[in-house]
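Data first, discussion second: the structure below is written as structure tokens.
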Amino acid sequence: MAIFGSKDTKVIVQGITGREGRFQTRLMIEYGTRVVGGVRAGKGGEWVEGVPVFDTVKGAVDATGADTSIIYVPGPGAADAMYEAIDAGIRLVVCISDPVPIMDMMKVSAYLKQHPETRLIGPNCPGFLTPSDRVKVGIIPGYVATPGPVGVVSKSGTLTYEVIYALTQAGLGQSTCIGIGGDPIPGTNFIEVLEMFESDPETEKVVLIGEIGGRAEIDAAAYIKSRMTKPVAAFIAGRSAPPGTRMGHAGAIVEGGEGSAEDKMNALREAGVRVADNPEQIPSLLK
Amino acid sequence: MNLHEYQTKQRFAEYGIPVPMGSTATTPDEAAEIARTLGTVVVKAQVLSGGRGKAGGVKLASTPEEAREVANQILGMEIKGLTVHRVLVDPAAHIEKEIYLGIVNDRSAAKPVLIASSEGGVEIEIVAKENPKAIVREHIDPVLGLHHYQTMNVASGINLPREHWNAFSSIALKLWECYLDSDATLAEINPLVITAENQLIALDGKMVIDDNALLRHPEFEALRDTTAEPEAETRAREAGIAYVKLNGQIGCMVNGAGLAMATMDMVKLYGEADGIGPANFLDIGGGAQADRVAAALRIILSDPNVKAVLFNIFGGITRGDEVARGLLTAYNEIKPDVAMVIRLVGTNAEEGMELISNSGIPNLTGASTLTEAARMAVAAAKEGMQ
Amino acid sequence: MNLHEYQTKQRFAEYGIPVPMGSTATTPDEAAEIARTLGTVVVKAQVLSGGRGKAGGVKLASTPEEAREVANQILGMEIKGLTVHRVLVDPAAHIEKEIYLGIVNDRSAAKPVLIASSEGGVEIEIVAKENPKAIVREHIDPVLGLHHYQTMNVASGINLPREHWNAFSSIALKLWECYLDSDATLAEINPLVITAENQLIALDGKMVIDDNALLRHPEFEALRDTTAEPEAETRAREAGIAYVKLNGQIGCMVNGAGLAMATMDMVKLYGEADGIGPANFLDIGGGAQADRVAAALRIILSDPNVKAVLFNIFGGITRGDEVARGLLTAYNEIKPDVAMVIRLVGTNAEEGMELISNSGIPNLTGASTLTEAARMAVAAAKEGMQ
Amino acid sequence: MAIFGSKDTKVIVQGITGREGRFQTRLMIEYGTRVVGGVRAGKGGEWVEGVPVFDTVKGAVDATGADTSIIYVPGPGAADAMYEAIDAGIRLVVCISDPVPIMDMMKVSAYLKQHPETRLIGPNCPGFLTPSDRVKVGIIPGYVATPGPVGVVSKSGTLTYEVIYALTQAGLGQSTCIGIGGDPIPGTNFIEVLEMFESDPETEKVVLIGEIGGRAEIDAAAYIKSRMTKPVAAFIAGRSAPPGTRMGHAGAIVEGGEGSAEDKMNALREAGVRVADNPEQIPSLLK
């Protein structure tokens, strides 16, 4: 198995009957992901995109043996969907939903600490994709990626596709691409993914895409400096953003002098990371 | 979403936090009227910006006439680009000591944190740099909430005189309730003052509400002050578009927040030497359809500084042909004469580019990479500025 | 503390749980008056005991006259030793199906647990034994509370028809709210019925409030039905004494709940062969002083079955001389003629025993061990019974 | 160190300024316990029984290095006192307070699971006493106990003293005596104490004193049967109590057919425990 999932990963879709859930279910199946069920309370027994719908995650897990879940339910209901997945013993939860209130995420985060058997990716993230296994749990367009040795981890959505696409164009395939989301309280952070890439035999080089706000990139730099042996290239979005203003993502704001792109780029450079001024430079920094 | 000082203090008062009993005025006469019953007052500009005092937006007045005069000076004033439309007229307090009390989310700990400092009246970031020992922090369990003993830890940590502990604790617990109920990401009282009469009172306050939580707080929509933001931002929000006005010349329309920032960064990277930068942050969101694209273009072009527009669309959920159609609709309506550079990649990008080239619009050019698109936009803006 | 059915259902109604719209009567005429507007009614004895139906305490009546007659039969009836002082007159429901829904604390998990069963109308313990598969359980996180999906797990687990899921979920969530706010240790709806009109309604309900939490729920004191318990228990509670009336002949006064039970057990162990057992559980609590001891003795002696009294005091916080003094005060006031055996150990026990022997009370004997004291009390009771 | 504390255990008293807190502080000091401070918000700087009072547990811990706390604050405030002790990093918290609402204890119990470094004993318990070290944290009268090889664990207060006294009278001294309390949600349960006695070199034999209600004694029996090598004697109080009626302790009630004394005694007998009909028999069962 690659770091988050493989051909054998059994996925259920929470909120499968919504417009987005239905559409992305089709794309995941087309890509090769083994989607074994969907969940929508009150719609158990129906079928969506050739997949059976269950009333509860527990019901879906009991019937299908699913170990991974992807959440498309609207933001205000996302926390409840996460608790449901955790309670049902799901190993990996990918939450695409946006916007998820930050207070909800702090509570979910505390609950996850009590349930270390479950990993959450997201919310407000594009999920992950492993080209060699033809598995994607999320919304990263399948055609941008191709199998290869580069691990990509990012806070962003379309900027990630941009970088993956540039890598693919340059002949650099990817081991796994993952977007951890740009919200202030992510389920999985940079360091956790870097650790996995470091020990993943399929990954030789790593790309990190960060943005302004918070100190996750600074912490990642410290980790890279002290513990990583594989080469890392990075891009930080938001150098041109003014302080104190939120740039789309709930987490993308330079506050109280913390979280600026410059600080993050400097910390990464000091950790030996090759930092790009332009995301399209990334492939050349990996060669 | 930021609340004004007077809105914050109204909300504080609803939770039982003591605040000065003033009210707001939009004319000098109103200010004088309010001052009539309050003795010496302080007249404070209500704009969503720090540094109001330095800018001359906060002034004392000892008579109603003086209040009228001072309000007349402040109303209409510009502070950091924002026009003052309203002043708060508060009774002046006899300040013995100023402290700081706030709650903010600590991202790393994934918990809110109660912060207090014996040095109030100054920005907490400055205290954090210059005298970090004056600051005391207590993390709050997001599920259990703030405990009474934590307020005691803080009160003793900032060496608050013991006689004020009960009042301080009560204010801190109410501030937490207010923070939690409001889905705030910041709630601060600065300064929280001890008056000459030995009372604790929240002299100034600031709250920021989590935008992610606004769906469950319709009450805040009514508090939104659209006069405090560029009109284009109001329109963008109504259209479901994330837009922030900046000071450059190149309007940007992008799908996705990260890519939108990166696009701005490219404009700056290639334009900075010529004094050219992004005119805005704009994320049209996922799966943007033709009408939303048209609305976004109108918003971008409403900024007179814009000399060129850069479209950067990486198709996934968003389809290239939809974006192209929206663009053509908007073009035909507005007929802008600025140069437009468009880059479409991904889902239905070819169909989109074909629609664009078949349209025969002269000032619309295609680009295949972000670097190329940014360079072309910079060149076009440079030309447009001459 | 147990609530009556009508009290429970009133509280349920406050939380929006649908209940029949009846009311209570203490006279047959009142019952007839209530029935006048309700059509066919069910008249239900309000006593804090199960098995009311079997005992004839629940009856249908199709006219007001019939309701009067039935109420006349039920009011004043004895059910498991409790006199019926009040009936609930509810409109009769057209029952299609009965289910069970309850919340109780699971000690092992240290969490409340939501319990539902497709077999309502029967005691859940009986279902648990005879058809455990019919029962579904969901533990509730005490801090986060009951989640909507958990109610869905339960609804599907008991094979509830899908059309009732929303109503069921709403009732379960309200029941949790009610449970939490009330500091309950049990809240059950049994049966929760699906009516012929396809409505869910809580036909019968039961709540037990955590005695440990009564200090923060003064509202329940007003609901306490002292007519539903022996008068001695009411007086004991008012005196701060834990007292439960039992059916034996030896009154026990002990400090500490565990020791009080052990003392009862000893009385039974040595008296059972002669049909002799404890007349009560009584814990005078820690540090009991003379007046409390006197009150406890009066309560014990108010039971006419009592033929002997056993004092077992292990001094720690409780001082032996204080107990002895209380005992002498009470004796001089009441002058009981039953035999009394006293065992004092620990703090100031010697002083206490000296006070007792100096008192010259003829029917008061000392013992040095619990075994000896129990045997002496049994012998004395045996004598007293002859 | 004995299983819960030793001569070097530094104890603070939460609620030291109350009548009971003050009285028991004196008794603990007289017995030999190292009481280093007390806590009462607003009374910091005062002295009680020769011990300095602090405003907060954190303040007391910072100043004294205390690692153990005993709580005498009234029931409704007890939960807050427990959270405070946990947050301040106290290793062992003994809660004497009664009555503590059960819902409060379920919440505290969840919090303790997140803070495994802290152990709670109680609430509504008499605490523990180790005669060889002259240390007691709680209200067990010191004179009833004497050093020796018997470990005593109990749900009760005075019944425990009774049994300890009987052991002492019979010449059987005690290693450690502990009352875990008779409430439904105890911080420390029988099994945890039995495990400690099993591995405690100072303990050779064990006495368990249970009562009606719950299934803690049944679980203890299963543990004893499968894991314990040291001999155990037991007494269960409440054989004569009628079902459905609470006997003083919040936990002492036979409910839904569960928790009867007979069931518990049978389970213990099956586990090889010598079960006494009379608590005064206990010493003879250990010989």
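Going in written order, the chains are labelled A, B, C and D, and every chain counts its residues from 1.
We adopt the following convention: a contact is a pair of C-beta atoms (placed from the backbone, for glycine too) under 8 Å apart; a residue touches a chain by one contact, two chains touch by 3 or more.
Computed from a predicted model, the values in this text were never measured in an experiment.
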Task: Chain whose mean Cα position lies farthest from subunit C - done: B
- [ ] Please work out which of A-B and B-D is bridged by more C-beta pairs in contact, and write that pair.
- [x] A-B
- [ ] Let me have the rounded angstrom distance from the C-alpha centre of subunit B over to the C-alpha centre of subunit C, please.
- [x] 59
TODO: Could you give the separation in Å between the centres of subunit A and subunit B, each centre being the mean of its C-alpha atoms?
DONE: 28
Open item on the list: Rounded to a whole Å, what is the gap between the Cα centroids of subunit A and subunit C?
Closed with: 55
TODO: Provide the list of subunit C residues touching at least two other chains, using ranges where the numbers run on.
DONE: 141, 143-144
Task: Multi-partner residues of subunit D (at least 2 other chains) - done: 107, 110
Open item on the list: What's the contact topology between the chains, one of line, ring, star, complete, other?
Closed with: complete
- [ ] Would you mind writing out the residues of subunit B in touch with subunit A in their complex?
- [x] 105, 107-108, 110-112, 124-125, 128-129, 141-143, 180, 183, 185, 210-213, 215-216, 242, 244, 246, 254-262, 264-269, 277-278, 281, 283, 286-287, 314-317, 345-347, 369-371
TODO: Would you pull the subunit C residues touching subunit A in the complex into a rising list?
DONE: 141, 144, 147-150, 152-153, 156, 162, 165-166
Task: Residue ranges of subunit D in contact with subunit C within the complex - done: 20, 23, 75-76, 98-107, 109-110, 139-141, 143-144, 154-162, 165, 182-185, 209, 211-212, 214-216, 219, 235, 237-242, 245-252, 256-257, 261, 277-280
Task: In the complex, subunit C residues that touch subunit B - done: 143-144
Open item on the list: Considering only the defined contacts, which subunit A positions touch subunit C in the complex?
Closed with: 41-42, 44, 55-59, 80-81, 83-84, 87, 107, 111
